[in-house]
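A, B, C, D, E and F are the chain letters, set down in written order, and residue numbers restart from 1 in every chain.
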Amino acid sequence: MISFRLEENSWQDVAAYLEDDNRIIIPVGSTEQHGTFAPLGTDTHVALAVAEEGAERSGVLMAPPLWYGWSPHHLVVPGTVSIRAEILIELFFDLVSSLARHGFRLFVVINGHRLVNIPWLQISAQRIQEELGVRVYLFDLAHMAKEVIAREQMGSIGHGDEQEISHMMHCSPELLRPDRFHDAPHPERTLYHLDPGSSRDSLCYVPATINDMEKLRERTGDTITGSPTRATPEKGRIYHQHLVSRLLELLQHLGNS
Amino acid sequence: MISFRLEENSWQDVAAYLEDDNRIIIPVGSTEQHGTFAPLGTDTHVALAVAEEGAERSGVLMAPPLWYGWSPHHLVVPGTVSIRAEILIELFFDLVSSLARHGFRLFVVINGHRLVNIPWLQISAQRIQEELGVRVYLFDLAHMAKEVIAREQMGSIGHGDEQEISHMMHCSPELLRPDRFHDAPHPERTLYHLDPGSSRDSLCYVPATINDMEKLRERTGDTITGSPTRATPEKGRIYHQHLVSRLLELLQHLGNS
Amino acid sequence: MISFRLEENSWQDVAAYLEDDNRIIIPVGSTEQHGTFAPLGTDTHVALAVAEEGAERSGVLMAPPLWYGWSPHHLVVPGTVSIRAEILIELFFDLVSSLARHGFRLFVVINGHRLVNIPWLQISAQRIQEELGVRVYLFDLAHMAKEVIAREQMGSIGHGDEQEISHMMHCSPELLRPDRFHDAPHPERTLYHLDPGSSRDSLCYVPATINDMEKLRERTGDTITGSPTRATPEKGRIYHQHLVSRLLELLQHLGNS
Amino acid sequence: MISFRLEENSWQDVAAYLEDDNRIIIPVGSTEQHGTFAPLGTDTHVALAVAEEGAERSGVLMAPPLWYGWSPHHLVVPGTVSIRAEILIELFFDLVSSLARHGFRLFVVINGHRLVNIPWLQISAQRIQEELGVRVYLFDLAHMAKEVIAREQMGSIGHGDEQEISHMMHCSPELLRPDRFHDAPHPERTLYHLDPGSSRDSLCYVPATINDMEKLRERTGDTITGSPTRATPEKGRIYHQHLVSRLLELLQHLGNS
Amino acid sequence: MISFRLEENSWQDVAAYLEDDNRIIIPVGSTEQHGTFAPLGTDTHVALAVAEEGAERSGVLMAPPLWYGWSPHHLVVPGTVSIRAEILIELFFDLVSSLARHGFRLFVVINGHRLVNIPWLQISAQRIQEELGVRVYLFDLAHMAKEVIAREQMGSIGHGDEQEISHMMHCSPELLRPDRFHDAPHPERTLYHLDPGSSRDSLCYVPATINDMEKLRERTGDTITGSPTRATPEKGRIYHQHLVSRLLELLQHLGNS
Amino acid sequence: MISFRLEENSWQDVAAYLEDDNRIIIPVGSTEQHGTFAPLGTDTHVALAVAEEGAERSGVLMAPPLWYGWSPHHLVVPGTVSIRAEILIELFFDLVSSLARHGFRLFVVINGHRLVNIPWLQISAQRIQEELGVRVYLFDLAHMAKEVIAREQMGSIGHGDEQEISHMMHCSPELLRPDRFHDAPHPERTLYHLDPGSSRDSLCYVPATINDMEKLRERTGDTITGSPTRATPEKGRIYHQHLVSRLLELLQHLGNS
């Protein structure tokens, strides 16, 4: 093989890979606003950072990323792209279906877009597993970082928050604008907590409306929640290594199954 | 009004209600196997039990339930009905859209089907909120019982488990067959935990395949996971009262907003 | 079995039922305005009344009802819910498909929503029969009451009319408001008659527009057509018994086939 | 105008027409088997015969016909084309929507395919009327011939039956093969009658399966029901004139509205 | 057989045809404005003219035409009908699927609507070929006339242009209004040429917007481009014979394969 | 701005860009086999090479690429991904719709997948232009290289052919395997030529079936057509510069409009 990137190899190289392995990593992100200080591609960049290191170290192939996800609320400011969840369900089905045809059986999705991409991935993955007889593993950065976040006492999930800005400081610092960092505390809501690891009773997540986001922007001057000023490269390094090691643990487990 | 049930009132009664209130409760369940000892309608029965008590005590109207949900994996044994998630997204959209037209603005979904109904409800609720300008609150029994489950040390989420069988013992004991109760421990899976309140790193939930369920049935003689033999009416009562009081808390909050 | 209601039984009970029988009854109604004096659930209540008695007396299982049908024109006043016909086609397909998977072969739909639910049921039933190899019987109250209506000289089909109000007087009198009864004669239209048993040349039925209904409301103060003041419990009893006996006749015929 | 056919005129001619009139006739048929002795286009030919005479005598424009309808059961023998009902709903919507854009307001559908085309036309027409604010009149040959059929004692509706073969004898005798005429009595079915004018209790129409039709072919050597040998040109003439005069009556009524 | 028209034959005749042949011609056109001087049906008329002569001379069956195509931009003036491309993809799939079921294997589409119908035909044809195992040949008049257009120095493709008006003069002169002929030169656009045979670099074709067309109408008084005044019956004859001979060449080739 | 890549900038940077400019470039490619000697990502790599140079030199923003296109026939060998054309139509609509919301008005698609991506792009672009009031320019490498291909006498379009291998030699030589280069002449087909610049009569393009491709593989040992052994970096350089200069010409024209 020329590289761990599917798209850089020829079909003959992939055919050779499939003789020994049937795992593949698919990075899924978004192109959506992450405040005035972080790039629109943040979710895809962090998914790629984890996926690439996992692929390189494990020898598992990685497919080209989905750069566009479901981001309806982030349409509030320029540069965000949102694809309807119903379309992403079908797109992802076709992507996996194509690869399943050739012998890939174990698909590990690295999701950098956290809560928002999960519903359509769940629906698509169920249909894929039932109809195609392959397995889809939804490796979401937030769900796989619950332990490290608690241990390191990083702030809870928001948007452009301590977690993801730390991660970006580690992976792609050149795309950040630290001079623009500013904090925006989570608005309090009755019986509603975003964090997947929260132990408190909660309503389930539904993306905000654009109008909600507009109000956030009017109130805070930006469209983030969380404390990016608390982000550090070291926190990002620890967070990233945790995720990579979880991914390697999963890939190894699958490789032995 | 004749009753808290939307369907028992005439349009004139509903018009009168809308002069003072714009809240409505929608129970959403499933018709799916819950082991040899609990009825197919378990999820809808428990959603109805919470919704009805909440409606009656708060004076908020309740719409007729959705008896059928997304249950692809439970098709393994007779009596289960599964509607495609894509269809439920549209069905729920039309349901809320119809009521929004008349002035209802705050929709509280009581979901008795736990993890499985959530993805399509999230996708549908987002579109509803953005396009119709109303609010949808996803009140899921499992997400709203995290605190009581921890406090009472009830076993984690499975299917036909201690939580829901206790709840049924409290609400509809006549539909249970205690003589058939039997436990089935959760199969261990690498980096995968179902419980919404778990603090451990985890892949995201994807429904099992029918084939997976078939293997479960072959191994255990039934298609449940969890420990129904640990269920008691008293646990069910505490669990139920917790949920009802959370629902009343939410309804009151919305009524004041 | 615990009862004739599918949802009250466990999968094991249904599996036992399927060893001897493969018939199932599915009640289909609507949640739509029926004037100021009758409940929104009228169509579902009457479908359930016939279906339940038929199920109980024949020993045939009954699935949970579809509470929501296609009622676009009745959106004119509060409380009506209308699901797009295209979505109902798919919903019903999935419902029958799930049950067909387990061995049910003969599906008897009890439709209480008369003309309006028939087109989507026909389209769905055709696809079901062709693709799934099972049989769907569309038992519509209006089409099955042609003979008794003629014999008893009950008024022709409208909405909130003598037929359905009589039926409700028999089945669910507590949900009616007789003090609000009032008649609204059918508007005359050129070459257009609603009654399925009419022997006169006619254009085919298309639901009115909301605007048409709004004009009806402005002209008559309500949104019904027909003569509910002519309704009596005795007419309702005769009408109901006719329908139940037709249903039993059909079920017996199917049971022998 | 060059002719009553929309497609033979230029847009300028249509623009001129629309200054005085907003009615248009749309013939809808099928391409499906009508036995060994009648052409596949029978339904479209008879719809065209009525529509053309109506258009010519009233001065109302006629759009090009839909040659293909919903004919799933007739796929049993060669030459039949069936379009899914869901696609026809959308096709017809776009057709009317295009014309409504230009000022046509009153659409008279002449349906020669009888019961089978009606469900999708009803669903499409409802959406059209509600969304586009125009009127669609479903002029079905069978529903508009109830009186003449009773008066002339022509046999009831089947397929390739006395009614339509008489009509073809009058309109397009050169496409018939009288030497191949043969009768096939309706199979008796419990509580099921096809005729729209029947006064007997009945289940609602659902198209047969291909397998049903195959059995009919095996039993009778063809795939018709009814008594074409009883057809005569004179019956066809009376039937045709009845329909044309009903159409003229309707067009005149609409022209004055 | 009674004629080369599928719809004029009975299923028995078609069954006999299929014993020796499996080719069928499908004419596809549009109903759209072609200027003040040519009929709305121009594209279908020219497709039919080629298809009918090809069918008659080769003995290959011809299906009824699709009178309505994708014409979104021509909705600018009255009489145009445009069906969404997505619907036409499905309609055409069902049409071919029906015929493929009976043994037709080689489908020759005669497209008179040139560039605009091609995209949806390509998408539909691919799915048809892959799923049904039959062949679809897209015989488009413009793509099959590149050589004759160059040789005869007829003007390039526009709308209501020298090519199609010459063709109409040959096929259906009675539907033209020569007194209204007028020329409208192609608007110059950067790096954009419509002609399929052009050897110059170009962006790909996308239909104009209605607003673009409206501007054309305002500027030129009509909605055509090209030089119909240069059209002659003799050019039409040469053009037509070229196309028919290409079609016969193709049919013969397919007949031998 | 941090770079010409949309995803590397924050929303604030994009907002600033939109004050002066409303153009954006969208690269569209595929992940599909290109023989044993070229990478699966060839189409996306060449689209990116042209798009990136055009963006950098013009100062126009470039969105993240679509890595997956419509490639049904190339599923024949491992690594190819094909998304249904119907899904791509919707995906692209949402992508442009999101950006149009923020003020982008001129979308230049750089298509590296040549003929196969064009139909769905045409259908999507039409809807976008009509509904969103923006402009989409389909800059396809093959249609924009007609002149340079003729001038340089490079072989006509195939797959993995002289044109695209030359281009890759110039852009991404490290991803090629020259030791595996081998030629495969185009199979001769009656009245069928792929080249968009061909002056010969032709049927329109329809992608081959997987079975066709399988036969090609069996006959030639690979799944390409064309003469990659004739490719040189110098030809690639000339070809690339031609395309970039065409793109700059187009962008400048749009910038002035």
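Going forward, a contact is a pair of C-beta atoms (placed from the backbone, for glycine too) under 8 Å apart; a residue touches a chain by one contact, two chains touch by 3 or more.
Being a predicted model, the structure only gives us computed values, none of them experimental.
Considering every other chain in turn, none proves to be in contact with both subunit C and subunit F. Counting hops only between chains that touch, subunit B reaches subunit E in a minimum of 3. By the residue-number overlap criterion, the interface of subunit E with subunit F counts as same, with over half of its numbers used by both chains.
Between the chain pairs C-D and A-F, more C-beta pairs are in contact across A-F. In summary, the interface at B-C recurs among the listed pairs D-E, C-D or E-F; the equivalent pair, sharing over half of its contacts by residue number, is D-E. In terms of their C-alpha centroids, the spacing between subunit A and subunit B amounts to 28 Å.
Here the spacing of subunit A and subunit D, counted between their Cα centres, is 56 Å. In this assembly, the C-alpha centroid of subunit A lies 48 Å from the C-alpha centroid of subunit C. Within subunit E, not a single residue touches two or more of the remaining chains. Within the complex, the subunit C residues that touch subunit D are 72, 85-86, 89, 118-123, 125-126, 129-130, 133, 136-140, 143-147, 150, 190-191, 196-207, 209-211, 246, 249-250, 253.
Against subunit E, in their complex, subunit D makes its touches with residues 2, 5-15, 18, 31, 33-41, 44-45, 63-65, 67-68, 75, 77-84, 87, 90-91, 94-95, 98-99, 101-103, 174-175, 177, 180, 223.
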